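The same chain A turns up in both complexes below, where it pairs with chain B and then with chain C.
Up next, the complex of A and B:
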């Protein structure tokens, strides 16, 4: 407590620190809420400027951007069906249908409050037990457990956002296959960068680096949404959305309290593990909310509980992601990797000693993350009252702006036109996938977890001398694999049982 | 009955064929990187082959289940009112709408083809106006206003502040024009 008060005093008592804090908070929310750019863009742009900053301020700035940026991405997910970051993808499933129903204010309100609650709880857990949690995570979680967790995550989340189980799995497999494009994680051999079909040959140096998920997200969500809306406009079937300002009531939040608590734990647990982070947390939070909800039939059709689950889980992962970074020097994602870069720029090394050598830095960062998450409620409320007005602008005016931002966002990532081509191809693919009941979010999930999964699997196999049963000799990996297997069997059984009616036959053919 | 029968069996079959084609293409490319890795038994192609086969199995299972469900529910499905609504709706889409939709899908690729040749700064306003025209915007004020706002956003945010090195074109005139725009955007910096 004493450390936290000191950290808070250092934050609010120093004008420069306070200025940087506010800039990070607003910048993260702003960049997160613009389709085409995100918190990573902001992080990458300002990285060179951190050289002249105090390391304490620089690390604090990035941690605040992380908190507010994850929240900011929910705004576009809800308003336009375009997630600002992969971790906001499950927010689209119910957030956007709520907007279509004229409940955008309620959806954003739920995202604001739940992001704040998830973030604050995560920050509190982070402050109370960074050292022990980091030590436990690093000992208990080897490559076998990471692979088992990815398997479990895919098993329970595969059918999210799709018309049925099979389409969900096929979407995930397609994502996993796309993730194999690039260099293999063991031998560094380029895969699918050379193509020879009949007499046609193609070799791409750029494909050796793999497909980046940012152009894919922009394509599957932003471009495909523009195409869906544009074709609806041209055929005269598009309905204009209502811009409502209604905030969710306390009673509505009380009804989803268990979902919130569950998502906090899921988010925190997933966030601790390097590389897994907020994306799997959000998908797991959403799938578990759907599983345990009494209103599961309404998920995907504009159920506030879906937004609550995903936004609580992804923000709960932000605080947790700082634990392996600060305590062990292991970044869990792109933004935490940039924070590691700041440490290196300033000649510092994160790890257990940082709590003794740079106590000020640690506690100002913790305090800043705590206050940033609290302030998200206030700023988010203001943002809700203002940003919902964007819906009043006709989509035919917004479409070119969204496409241009997406184009620049995809290009600026690596300064490669191939990324923009990939984005537009993904957009067209996403358009047809959506109209046939497949899940673009499933592809993104497979794409993001594919490399991690393969890397963890290959390390595990080498460690276990190629004995598959070795997974079951470790309790956590054994339990996760068994639970994943059970989830697959039970979902197949449910699919068979629930789809025997003639109505479902019609639904299937429509999809 | 006849329409429904034709339609319900055609879609699952087409879907299955599409997935199998993808599986075959992926498997046919594996030879290009099928190399041994000394310290790893499954080599570079083990994981992609497994995923591809899983995709094929998944697609086949989906097809079998679809056929099974269709056979089970065909008689009842046929009698359900409104089952052929989709066909009626589709037939109402006019030729003009179809052409507009095709143009909407093709426009980004035209933009991408010309962007590296003519430069982003030259081709972007043309792209924005073309897209808005396809979206049935006919007001000159709106066409010019939205184009100006979007172009300014591009210049101020990405060119002036973020120094994003957008393509400036390969063709002489356009290369000079794009660079001139960049110089103007960065005046005073």
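Up next, the complex of A and C:
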């Protein structure tokens, strides 16, 4: 507590620190809220400037960007069906239908409050026990457990966002297949980057890097959304969306309290594990909310609980992701890797010693993340009243802007032109997938978790001397794999049963 | 008339200014070169080791030669994704590539067709380091190399080592040399993300780690890891109590990890000479030396000029190709 007050005092008592804090808060939110660019773009752009900053300020800046950027991505997900980052993808499922129904204000309001609650809770947990949590996680979770968790995540989340279970799984499998492009995680053997068809040789160093998920997201969501809207406009079926500014009431939040608490735990847990992070947290939070909700049937059609579930979980993962970074020097994602870089640029290394050597830095960062999450509510409330007006801009002006920003965002990722081509290709593919009931979000989930899962699986197999049963000799991995298996069997059973009942036939024709 | 006076005065000031700015720099560029910013391509992500090196060197070369660099990260494919864009840039010296010894092993294995000593011109190497084998600080089954070797011999194949997995990588080649020289068998676990290996060692999921000291400095300082073997010709003073591979009976010339800067072949000689000199003078600036110290890059001689770099690359290519023949890798 004493440390927290000192940290807060250092933050608000120092004009320069406060200025950087506000800049990070607004910058993260702004970059997160523009389709195409995101907090990573901002992070990469300002990295050179951090060299001349004090290390305390630089690390604080990035942690603030992390908090507000994850929230900012929800706004475009809700307003345009374009998630700012993969962790905002499940927010689209209910957030966008709410906008279509004229409830954009409510959806953004829910996202704002839940991001803040998730973030604050995770900041509190982080402040109370970073060291012990990090040490527990690193010992309890080896490759076997990480693989089992990913398997479990895929098993319970596979069908969300698609017309039925089979199409959901097919989408995820397509994502898993795409994840195999590029060099393999064990031997570095090139896959699908060299072909030879009828004397025509093709070899690409570019493809050896694999497909990155950011151009895929931009394609599947941003480009395909523009195509979907364009079709609707040309066929005269597009409805103009009503820009409402109504904020959700406390009663509405009270109704979803269990979902919130569940998502906080899911988000925190997934965030601690290096490399797993916010994306799996958001998908798991959403799928579990749907499973336990009494209004299951309304999910995907504009149910506020869906937005609550995914936004609470992804922000809860932000604080947790700082734990392995600060306590062990292990970055979990792209932005935490940049923070590691900032430490190193200043000749410091995060790790167990940081709590002894740089106590100031740790606590100003913790305090900044706590206050950033609280301030999200205030800024978000203002945003709710203002940003929904973007919906009043005619789509024919908005569409080229979205495409332009998406192109810039895809290129800026690695400065490689191939990412732009991949984005447009994914956009066209996404257009046809959406009109046939397949799930672009499922492909993204498969792509991201496929990369992580394959790497964890191959390491596990090497560690267990290629004995698959070894997974079941470890309690955590055994339980997670068994639960995942059960989830698959029960979802297939439910799907078969409901597709045979006459009611579902009526429901299908409605869709 | 007055306006003319003012104009002449301004021009004079401008000329003095430009003369002064040239006098500040220690290395003078050939006529007309360096008037616009140069591009430095980094084949790895923002904030990583290569990115930090590129930015530190860009700053040092800016200081000593008045050059202005735009650092561009093109990560992916273990550093290969950046190569096509580098090869497409005109050979005018305005595009500099930072790369590591991965490019050399990739060429030796036939993964890339560009020979870094022929198709590219190395300007300089500014980071050269050696590898070590690490155990947990609180490990009690073995505490030094002798007890580790005894343990590994008693349990062949049961000891696991976290390593970077690409077939034919420096790590795996060195470990193959070490294992066959000493007759031990260590289960190499291939990791694709460098930092995951540190967690795997500290968390107790593997027994030993193969790495360079600069990358695990924080764990060494905190006592969570300790080195039991240095893979280098002599004992660096910072690790005076750790035996070298030759001392424990493995007689081979150790491959090193090195990072340096390249331009494309075809860049005019005087520009290559200028950039190479700028790199050498930049290497000796206080800021750059401080940077290398923070990375543990001052423990052994970390600098090679163009000639020295070519020799280093050619030696490495030969070692890799010889080892690949024995191991049956590549073409």
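Note that the second predicted complex is superposed on the first by the 494 of 511 C-alpha atoms of A that agree within 3 Å, B and C clash if a C-alpha of one lies under 4 Å from a C-alpha of the other, contacts with A are read in each partner's own complex, and residues count from 1 in each chain.
We adopt the following convention: contacts are C-beta pairs under 8 Å (C-beta built on N, C-alpha and C of every residue); 3 or more make two chains touch, one makes a residue touch a chain.
Since this is a predicted model, take the numbers as computed values, not measurements.
Judged by the touch definition given at the top, the superposed model places A:234 against chain B, while chain C stays out of reach. Within the superposed three-chain model, A:396 lies in touch with chain B and out of touch with chain C [touch as defined at top]. Of the two partner chains placed by the overlay, only chain C lies in contact with A:48; chain B stays clear of it. Counting residues of chain A touched by each partner, chain B versus chain C, the larger count belongs to B. Contacts of A:223 after superposition on the shared chain: chain B is touched, whereas chain C is not. Applying the stated contact rule after C-alpha superposition, one finds that A:347 touches chain C and leaves chain B untouched. Once the two complexes are overlaid on the shared chain, A:458 sits against chain B and chain C alike.
By the document's definition of touching, of the two partners only chain C reaches A:338; chain B does not.
In the superposition on chain A, contact of A:100 is made with neither chain B nor chain C.
Legend: residue contacts after superposition of the two complexes on their common chain; A:329 is shown touching chain C, with no touch to chain B.
Chain A residues 186-187, 189-190, 415, 458, 462 lie at the interface with chain B in one structure and with chain C in the other.
Within the complex formed with chain A, the residues of chain B that make contact are 7-8, 11-12, 15, 19, 22, 25-26, 28-29, 32-33, 35, 37-45, 47-48, 51-52, 54-55, 58-59, 61-62, 65-66, 69-70, 72-77, 80, 83, 86, 93, 97, 100-101, 104-105, 108-109, 111-112, 115-116, 124, 127-128, 131-132, 134-137, 142, 146-147, 149-150, 153-154, 158, 162, 164-167. The touching residues of chain A, counted against chain B in their complex, run 41, 45, 166-167, 169-170, 173-174, 176-177, 180, 184, 186-187, 189-192, 194-197, 223, 227, 230-231, 233-236, 396-397, 399-401, 403-405, 407-408, 411-412, 415, 417, 420-421, 424, 427-428, 436, 450, 454, 457-458, 461-462, 466, 495-496, 499-506, 508-510.
On the chain A side of its complex with chain C, the touching residues are 43-44, 47-48, 51, 138-139, 141-143, 182-183, 185-190, 205-206, 208-210, 212, 274-275, 324, 328-331, 334, 337-342, 344-345, 347, 349-353, 414-416, 455, 458-459, 462-463, 465. Note for the complex: chain C touches chain A at residues 45-49, 51-52, 55, 59, 71-78, 80-81, 83-85, 111-112, 160, 165-167, 169, 187-193, 195-196, 198-200, 202-206, 217-219, 221-222, 224, 290-291, 294.
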